[in-house]
Amino acid sequence: MSRIKIVLGALLVLFAALLPRLNLSIPGVLPGPTYTPGTLQILAYAFLIAALALSYHLVFGVAGLLSFGHALFFGAGAYGLAIILRRLLPAELPPGTGLLIAVLLTLALSFVVATVVGSVALRVTGITFAMVTLAFAQAMNVLVRRNTGGITGGEEGVSVTSAMVPSFLIGVRNSANLYWIALAILVVVYLGTLWIERSRIGTVAAAARENELRVRVLGLRPYTVRLFVFTAAGVLAAIAGMGMVLLQSGTTPRVTSADFTLTILVIVVLGGVGYRWGAIVGGMIYTLLDKRLSDLASSDLIASLPGVLRVPLSEPVFILGMVFVLVVMFIPGGIAGLAERIRPQTEESAHGQR
Amino acid sequence: MASTTQPILRVEGLYARISGQQVVEDVSFSVAPTGVTALLGRNGVGKSSTIKAILGIIERDGTVEFDGERIDGLRTDRIVRRGIAYVPEDREVFASLTVEENLTLAVRQAEPNRALVDELFPELRTRSQQAAGTLSGGQQQMVSLARALLNDNRLILVDEPTKGLAPKLVFDVARVLKAAAETSPMLLVEQNLTVVRELAQDVVVLSGGRVVHRGPAAEFLDDERLVERHLGVAGAEDHHTPEGSGPDGGAR
Amino acid sequence: MNTVILLLITGVGLGALYFLVASGLSLIYGLMHVLNFAHGAFLTLGGLLGWEVGRRVGDGTWAGLIVSMLVGMAVGALFAVVTELVFIRRLYNRHIEQVLVTVGLGIASVALFEGIWGTDAIITNKVPWLRGTTTVLGARIPNHIWLLISVAALVLAAIVLFLRYTRYGLIIRAGVENRTMVTALGIDVRKSFTLVFAIGGAAAGLGGVLASVYYGNVSAHQGQSMLIYAFIVTVIGGLGSLTGAAIASVLVAVLQQFANFYLGGTGDLIIVLALAGVLLVRPSGLMGRKLS
């Protein structure tokens, strides 16, 4: 990566970090000026979704594994943190220490879960792999919905109360702090993704995606390499999941559902399979679009339309789903691919840096 | 329209890829309107891929003209419907279908040449209700050839029909090919040089995805140094093809 | 003993429902290598429109139910054919993209159905006889189970006969085994793609109507939740195998019923474990050929 890119990236992060202190408005995209809690909340949510999409990029874009169970790891992070905070920590621990311990425990837990799921699922390939991961995620979904062991809270999910986390992370007044945490998570996940992609293992995983034979000839087992990438992506997803618990003061079974995994898949494809920044942009755009389309759905303009138009237009997910279908059919490479084609052979875009 | 000397098939600058890997590179040759043209080369040089590229089974670039008309933009089924039969390497019979069903599926014309097939392959008739997957290798090759000969073809592409067969069966297959070549031109991939000598009038030799020799069959086969260089089997006309391509294939 | 018989027969009934979804999935996958995530939407729309028309003809009557089933089949088939012609065909041989498109269609249609019919389940009226029970060896079997079993058996028989005795059936069987070779015999295999979509869609649409009988309601999500079970069934049975789908449907549903009853409602979990187990021992499923 060129120095210019590092500087640009750092400036972008710095700019994002300053947003809570700025009074910027983007009408039609953000609900209010950037310092308002509502806007910060949405942006933070979008960052976490972008982080999750980045972790999925490792699995799908880099290793070429079509997993339908990635939400499992996000869910493991979310439920792991929430449950450990709520159930397992002694009440007398100060919230700060408690949170730190809980985060570390959750990381360890998600590592174990990802390793176990990966080592089983990766024994099969292709569409069967997709089905096994879907099945595992579904099992997790069933478990949490069932309120297994009385700790997952069934359909309600698990909420985290103010006693369990440091006070600077609680309440509308502290939206900026949560926003910064979400931003930090996105940066951490980005750097993690970058590191794995650049590492020898990441390169070999990408090579195995194109031509498994060649990797075997080199005397490497695609299985091991894929397991590493799969597990690392799982842990990164869990980090995003933990951020979501803090941001939303808890978690619901929705984050473990097949629909949620499909949403991530949609995001990564929209952004452009194989592009890191595509995953981020896809995550941001999807989240903001989802929000804006929901607002549009309840607007007077839509309400005044005849039924044939009103019904589809007032379903954001319908619109997003159809947009996705059109992108898959007509814009291979998604947003990132499109951008790449518009300015084809400028300095670096010709080789690498995807 | 077509004069007698105009080739039935003309391949010009053909390229093909399999999962991103270039397996056929700038291949040009033509197939005479009568008789057998043999496509030769060591294991893995791209003979099967060339045939698949002609048929559009794998991604390809370049010109393929059949009887004076371009067919390189057509779908496989369209190409075949123009009168090109394909007998693939490894037979590729439908294992779970009966012999009869395999044949029925292959019929492309209102009046298939049942009598011819029954005469050439009497054994298939007695086994018509047997699942093709339960047949021996030789019998499966019969099914595969029968599927092609049921129709009146304008060209037959045959890929290693004697591969892995016992000597007696090799002879039977050669006899069938000879009969078939009397009614339509044939492009034949064959490792057994005795069979090639028996059937082919022309040869096209590939190496590393490229054409390295073209000319009359007898001339090529009689030149031991040429045969040795391109096929690595000097004069070994009864040579048995080993399975797969060993690393020692060209090292001698 | 009564309980065992009850669980067994209701299990077979539920399996019948799974089969109606899984049969199409399996055929489509077998021939085209497309895992069809829109299949649940075929079921849902079949169920919803079948119910809309059926209740107008005669709510809670046999006539209404039969019309529902016919409408469900037609709607499912039509939806499936449009899906294949408009979306799948253009992405010929790009399997990942094809799967992604069906994912998008599945997501979008559920949202659209929610917009039209709301997010809550709508209670449906049953034919009086179907509300009753029949005693078999001391077990009181709900009558709608018999309907499910007999319809699914008819569908199975019809598909088997079609595959065995028609030219298109022959092409489909051959195509499941080796699609390239079918085209290399001069056959335009794409027509049979549309056909398997139509058959699968019709079976799913019929399944939608029967699901509304089984659960006593219709909803915009019915297909999506059923789809996951159907996937599991399809993979356990062996992708591409109709017989496998039939056997696995019954096995999975019966297992699920027993686990739900005897192991404290763990049916869903048990079948997921069964799936993992089968895949690890036999990655190609019970009746599947080796996957490439």
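The chains carry the letters A, B and C, assigned in the order they are written, with residues numbered from 1 in each.
FYI, a contact is a pair of C-beta atoms (placed from the backbone, for glycine too) under 8 Å apart; a residue touches a chain by one contact, two chains touch by 3 or more.
Given the structure is predicted, the values throughout are model-derived calculations rather than measurements.
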**Chain-level touch network, classified as line, ring, star, complete or other** = complete
**Asked** So which one's got more C-beta contacts, B-C or A-C?
**Response** A-C
**Request:** Go ahead and note the Å separation of the Cα centroids belonging to subunit A and subunit B.
**Result:** 52
**Item:** Centroid distance [mean C-alpha coordinates] between subunit C and subunit B, Å
**Value:** 43
**Asked** If you average the CA atoms of subunit A and of subunit C, how far apart do the two points sit, in angstrom?
**Response** 32
**Message:** Help me check something: in the complex, which residues belonging to subunit B touch subunit C?
**Reply:** 55, 57, 75-77, 80-81, 86, 88, 92, 94-97, 101, 104-106, 108, 147
**Message:** Per the contact definition, I'd like the list of subunit C residues that touch subunit B in the complex.
**Reply:** 167, 170-171, 173-174, 177-178, 180-189
**Prompt:** Where on subunit B does subunit A make contact in their complex?
**Reply:** 19-21
**Complete:** Listed in rising order, subunit A residues that touch subunit C in their complex are 66, 120, 123-124, 126-128, 130-132, 134-136, 138-139, 142-143, 146, 258-259, 262-263, 265-266, 269, 311-312, 314-322, 324-325, 328-329, 332
**Fill in**
subunit A residues touching subunit B in their complex are 210-211
